[in-house]
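Submitted below is the structure of interest, expressed as structure tokens.
Chain IDs A, B, C and D follow the sequence of writing; residue 1 opens each chain.
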Amino acid sequence: MPMRRLTSLFLLAATLALTVPAVAQVRAPDGAPNPTASSVNEEMLFKQDPKIHGRISIPNATAANLIQPQGREWREFRESWMPWIGALAVLGMIVALGLFYFTRGRIRLEHSEESGKKILRFNSFERFSHWMTATCFIVLSLSGLNYIFGKRLLMPLIGPEAFATLAQYGKYAHIYLAWPFMLGVLFMLVLWIKDNIPGKIDWIWLKQGGGLLGDAHPSAGRFNAGQKMVFWMVVGFGFAMGATGIMMIFPFAATDINGMQIMQVIHSLIGVVFIAGILAHIYIGSLGMEGAYDAMGSGEVDLAWAKVHHDLWVKEQQAKTASGPQLGRGQVPAE
Amino acid sequence: MLTKRRSGVAARGSHQALAAGLTAHTLDRRGFLRKSGLAAGGLAALGTVRLGAVRQAQAAGASADPAQAVIRKNICTHCSVGCTVTAEVVNGVWVGQEPSWASPINRGAHCAKGAAIRELVHSDRRLRYPMKIVNGEWQRISWDQAITEITDKLQAIRNKSGADSVYWLGSAKFTNEASYLFRKLGAFWGTNNVDHQARICHSTTVAGVANTWGYGAQTNSYNDIRNAKTMIILGGNPAEAHPISMQHVLSGKEINRANMIVIDPRFTRTAAHATEYVRIRSGTDIPVIWGILWHVFQNGWEDKDFIKSRVYAMDDVRKEVAKWTPDEVERVSGVPGEQLKRVAELFAKEKPATLIWCMGATQHTVGTANVRALCILCLATGNVGKPGTGANIFRGHTNVQGATDLGLDVTTLPLYYGLVEGGWKHWARVWEVEYDWLQSRFDEVPASAGRKARSRKENMETPGLTSTRWFDAVSLPADQVDQRTPLKAMMVFGHGGNTVTRMPEAVKGMAELELLVVADPHPTTFAAMDARRDNTYLLPICTSLEMDGSRTASNRSIQWGEQIVKPAFESKNDYEVIYRMAVKLGFADKMFKNVKVVDGVPVAEDLLREINRGGWSTGYCGQSPERLKAHMKNQHKFDLVTLRAPKDDPEVGGDYYGLPWPCWGKPELKHPGTHILYNTSLHVKEGGSTFRARFGTERNGQTLLAEDSFSKGSDLTDGYPEFTFGVFRKLGWDKDLTADELATIQRIGGNNPDAVSWATDLSGGIQRVCLDHGVIPFGNGKARANAWNLPDPVPVHREPVYSPRPDLVAKYPTRPDERQFRMPNVGFSVQKAAVDRGVAKQFPIILSSGRLVEYEGGGEETRSNPWLAELQQDMFVEVNTADAAERGIKDGQFVWVYGPENTAKAKVKALVTDRVAKGVAWMPFHFSGWYQGKDMREHYPKGADPVVLGESVNTVTTYGFDPVTGMQETKVTLCQISAA
Amino acid sequence: MARMKFLCDADRCIECNACVTACKNEHEVPWGINRRRVITLNDGKPGERSVSMACMHCTDAPCAAVCPVNCFYTTADAVVLHSKDLCIGCGYCFYACPFGAPQYPRVGNFGSRGKMDKCTYCSGGPEVDLSVAEYEKYGSNRLAEGKLPLCAEMCSTKSLLAGDGEMIAQIYKERVIKRGYGSGAWGWKTAYRETIAI
Amino acid sequence: MKAFLIAVVAAVVLATGASFLLAENQRFAYQAFATSGARVSDPGTNLVGPRWTGDIKEPGKAGHKAEAGS
């Protein structure tokens, strides 16, 4: 019956127009009972709250959420934006370092009369802390990147089964190595914070481009401004990664699903920037500068190198000991 | 890259591997059960899977089953809707459930319980073997030892204290055949102390409805609700208690754009779908119904023709109703007059209208009166005896209707034959035992406390103790219990121990018993209360899914269930246990004279045939096992709304589904059953009938027979009394009887054959001839608006014993103290004391109880089913938001609920909600196993504890009994709640 | 091929939980895993409605998109399934899912939650149809037997509909027109980016 | 080099420790979603495997190679 149909259409329109729950059961204009006129509907509930939730009898509070569409934005970020951001950050840094290497080349050690003499730059606990953090970081970043790029790059190469196995181990590595990583960051914070307080000298160092750009060697203490930046990046990002990671490791302990989505966004954004930053750190600590690696390798650096790059620190060290510069055990690096 | 591995060759190649997979590694029991079936089913299926089968299935609306599993059909053992359960059985293992599309009752659907029923059979929390308590510890014993010890002790108790000192508590979970057998056992034992759950669910319905128009049962059916244009659901929450009924209710509501009015103190899941919700104060049903009728009479909306021709003494009701002006109704019940006027107009004018009620109406001290008032509302508006109308009473358990019909009741014999000489003699003839021998089994009761002595015959005709008071009958002083001795032994078959109010008193009673036997698939609360050190036995009984037998749904349809799998563990079915006890008690030969016993197990079909041979009074005579089985086989042929099969069908042609009683005459007569009771628009041979002429022909000069109303095609075109051979002779119809029929009537009647009636004529001749003349065997009477034999012939409002409105108690007091069912009922004194003590001030919250969809009854069975238990893990109390705020109670925290008797308290979780009004709390009644804050889990036999335990609401419920049936008051008491 | 969907007609749903236990029964779902659940909105207040919810088998499913190991796949019936052999239990699908469908055997922390489990629309997984292995990992495969999900087939009031999207939308439309009201196809907008126009 | 090796070993040791601590903190769904009212003896193992990892194959048991995928 067209008349009936029209009425229904009208009723439905009226239903949709109604956004506030009425107190009494409502009857339609044609007298037909219409309980739905007062019943809840999706549109109305979404206006009250971005999530639709109710009561459920099983003792699982999260199951009481009926619809939580926020995952859609998260998915948009994760699938459409994150791969590009990640690629840009990581590849961008690699490209930049490459360019730098080819234009500037390796920064050579400037020889002087001090060459060959060694000074202890990092003691063994410092080196232990650094390497623990570093090795964890490498595994964490690879397994982390795998969450984003694995299925795009690796899986086509090795097939789904092998990739899934790898990803599974990657996941375990990511979760479990996060703890020594966080501990390492904590150690480094305690060990080096006093040498990383920014000062005026850092400003000068920065203005001179850290000597990388010109031939001048700005003065620096134990750590130059660039190293201090790495330190604070590691500490800051390390803590941020730890905090967001922990929130995700313990689901619903501190936050709900939306919170975890946000944590994941922060975690992944910082992650890729962190990786880019550490790439630069690795470059300068190894390939980029002759003699830098020794600091973390054997712990002892060439005095000449030290005097060039950390003149203030060398002075300070020499002042501490009446017998002159602290010399290492041997003339040759332990390696 | 990721696709379905769907190669046929590979699939077939995997057969051996599949089979190997089953044995190559260890499996847990559950996994094995499923897989042992799957392997076989799966193998068969692999060859037959067709692509696009999904589409076909959609088109057909049903699923084609390619597996070779055996399909067995039984009936869900939970509520009374009577859903068919379709089981897939492979190698004797129940491996899966399929939707029962063919059943016109459930059409494939189930509720949480029905959809999880397979686990009931497999449950590892079942009682596995017979056990007894020795010095407070459970010990495993053999069946032989159990039966021997139990029967020896029973005999000893009988010799010392008499037959009446043993209570036989039966079950609404019984099949019809087991119910009948259990009642027969009670009779052969020599007592009327035989009862079951109907006492605590719809005993008041049976009494109230039967006293109004003849039979105490749902007049129409779930399916027929599809015809209603208006429905009132009063004191019922079918969305949780009878979910499948809601398929019909909601469909009807949608198709007819029907008015669905829910009258309830609680905003239930059902109320959420109502077109009008009326919130009342618990226990004020009569003021509300009279308030509705006030508007009906005031506006002349009553069905005057109907009242004139088919109702007796409606004017008496008018007088009472006149007192219930809208103001007084609002003062007492809290419902505004305008709303009731709206309800009244819809119910009286938008017809057909049906009235649905459940335990919210029945479980009151005024239960019978409530039911009577509801019937009168139907009568006044002419809403009985037609499609879409009627009193659609939703019974509780799966076979509570059948168990009631078959006499698990302290006032009747099977099929409502009264405890009178005629009734006993009828059954003695059916059983082929001497009436005198039966009589000799009963006690003589000596005079006591001013009461006369009773002879064996008198005692045989005296109603027994109600199950609501069994523990009072143990603990009260001997002279207050009107039988030879108080109770000494409880034989509990399929009945929870937490379903009766006043648990603390029940625990006391349990401790004093000389013998307690619990025969059940689960240990039940009786086992867990830690009340007993010895003389306590547990017998593992299988579920009715593991046995053959019939079940009567709420709409009187009888459905045959076939054994799905063999009884699990060492459990045995009721028939076998009763038989073995009868053997030991020495009367098995007599009791099973006409019943074949195969391997020690009586055959269900033979039991039903015996019921058929004696079931004339209620029309249980036409439903032979063969006919019932044909119905199950041809389920799909029955119409969804009329429940009728096409006339031309060779097997079930013209039948109503399940041959709803009354199904007149012998099975060969092929009476179709009666879908809608009292429907005069059909010929009696088509299931038509009239109101039953049960109460005589005349009263105070007014006729009790119908006037100008008769069923279609009737030879008699006015009211007429019930038919006897004497009436037949007057009408000259005796000539229509065959020689054999005449001979049987002569034999039964002896020197007074005229007295042989439609109900006692074992030949079925009288019924057959009645049908040929188009008349109803039970006569054509009027329904009674005034039931003069009841305590309140016209229902009057009476405040609950523990009333939240002490100010109203003086005007509307409960009935005076009196003795009922061999016991004193001191409700009046308790009410007076409560008012005097100011109980309503100390306990300001009304406490009501009810049902959850996941659980059923006392809940032992369903709480042992992990699929259900997971959904409701904690006993809770619904507290109104405002009450909770006042008490600093947060949703989900533990609270104490204090009751006004026995300093009772219960520790439960708070569910803070506006489902209940301010000042009202509600608790589900399915929990037990915690008692006053203590977890009693350790007291269950090891491994047989239900998955979920919790406080029983009945720990804090209180005194109060209906005077007609001994129904307990579960819906209104008082409580106080505080944070725990 | 059909495009399978779920639709819960909230004007019929009475929170009877049959869908939940039917699911448990069909797949022997262990305690603690709830592939389907019923949620009541506006509990105890006028306008209360209950909705049964499980995996909706979304169009362009977010779970599949975010999975770092691409373990999801969509069948010809548009059912979203996944491979437990590939799943690494990372939980990203749970972040992305608008309906809270993914379930994990362990819940304390992310590291070892185990393989994700969710509603399969009663159509198993990547193993051979109706094999023991398929049953153990994903539950039974009714679709392969020509049957629909048991939750919908057993729904007490025929509230939960399963089947071809167009067909169930048609059924729902007819109901709404017949009775004159309808509180909408819950979750359709989010899952299928469409609503049922009446 | 020594510091480096020790660091790697320490990282592995700490990670292993963390895995045990996390496993200690881990709860099965049937434990997490059961309340004081319930005693779940046999939560079932279908879909989740015997060790509730979702891995159906029992570790160390090669017998379960029933799948014949192609």
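In this section, contacts are C-beta pairs under 8 Å (C-beta built on N, C-alpha and C of every residue); 3 or more make two chains touch, one makes a residue touch a chain.
Which protein is which chain? UniProt says B, C = Formate dehydrogenase.
Quick caveat: nothing in here was measured; it's all calculated off a predicted structure.
Engineer: Please state whether A-D or A-B has more C-beta contact pairs across its interface.
Structural biologist: The comparison resolves to A-D.
Engineer: Centroid from C-alpha atoms only, then distance chain A to chain D, rounded to Å. What do you get?
Structural biologist: 27
Engineer: For chain A and chain B, let me know how many angstrom lie between their CA-based centres, rounded off.
Structural biologist: The mean C-alpha positions of chain A and chain B differ by 66 Å.
Engineer: Could you tell me the distance, in whole angstrom, between the mean C-alpha positions of chain B and chain C?
Structural biologist: 36
Engineer: Which residue numbers or ranges of chain C touch two or more of the other chains?
Structural biologist: Within chain C, residues 11, 17, 28, 31-32, 34, 40, 43, 45-46, 48-50, 70-71, 86-87, 89, 107-109, 111-112, 126-128, 131-133, 135-136, 180 contact more than one other chain.
Engineer: Mark out which residues of chain A touch at least two other chains, giving numbers and ranges.
Structural biologist: 25, 32, 34-35, 55, 57-60, 160, 172, 175-176, 249
Engineer: Multi-chain contacts in chain B: which residues touch at least two other chains?
Structural biologist: Those would be 1-2, 5, 10-11, 14, 18, 21, 30-31, 34, 253, 257, 273, 277, 854, 866, 870-871, 873-874, 913.
Engineer: Report the topology of the inter-chain touch graph, choosing from line, ring, star, complete and other.
Structural biologist: Complete.
Engineer: Going by the contact rule at the top, pick out the chain C residues touching chain A in the complex.
Structural biologist: Residues 10-11, 17, 34, 37-43, 45-51, 53, 62, 65-71, 85-92, 94-100, 107-112, 176-177, 180-184, 186-187, 189-190, 198.
Engineer: So in the complex, the part of chain B that touches chain C is made up of which residues?
Structural biologist: 1-6, 10-11, 14, 18, 21-22, 30-31, 34-35, 38-39, 41-42, 45-46, 49-50, 53-58, 63-67, 96-99, 107-116, 118-119, 239-240, 243-244, 246-247, 250-251, 253-255, 257, 267, 269-270, 272-273, 277, 853-854, 866-868, 870-871, 913-916
Engineer: Contact residues on chain A for chain C in the complex?
Structural biologist: 4-5, 7-9, 11-12, 15, 21-25, 28, 32, 34-43, 45, 52-58, 60, 62-72, 74-75, 78-79, 146-148, 150-151, 155, 160-161, 163-164, 167-168, 171-172, 175-176, 248-251, 257, 260-261, 264
Engineer: In the complex formed with chain D, which residues of chain C make contact?
Structural biologist: 27-33, 84, 87, 89, 103-109, 111-117, 126-128, 131-133, 135-139
Engineer: Report the residues of chain D in contact with chain B in the complex, numbered from low to high.
Structural biologist: On the chain D side, the touching residues are 33-46, 50, 58, 61, 63-70.
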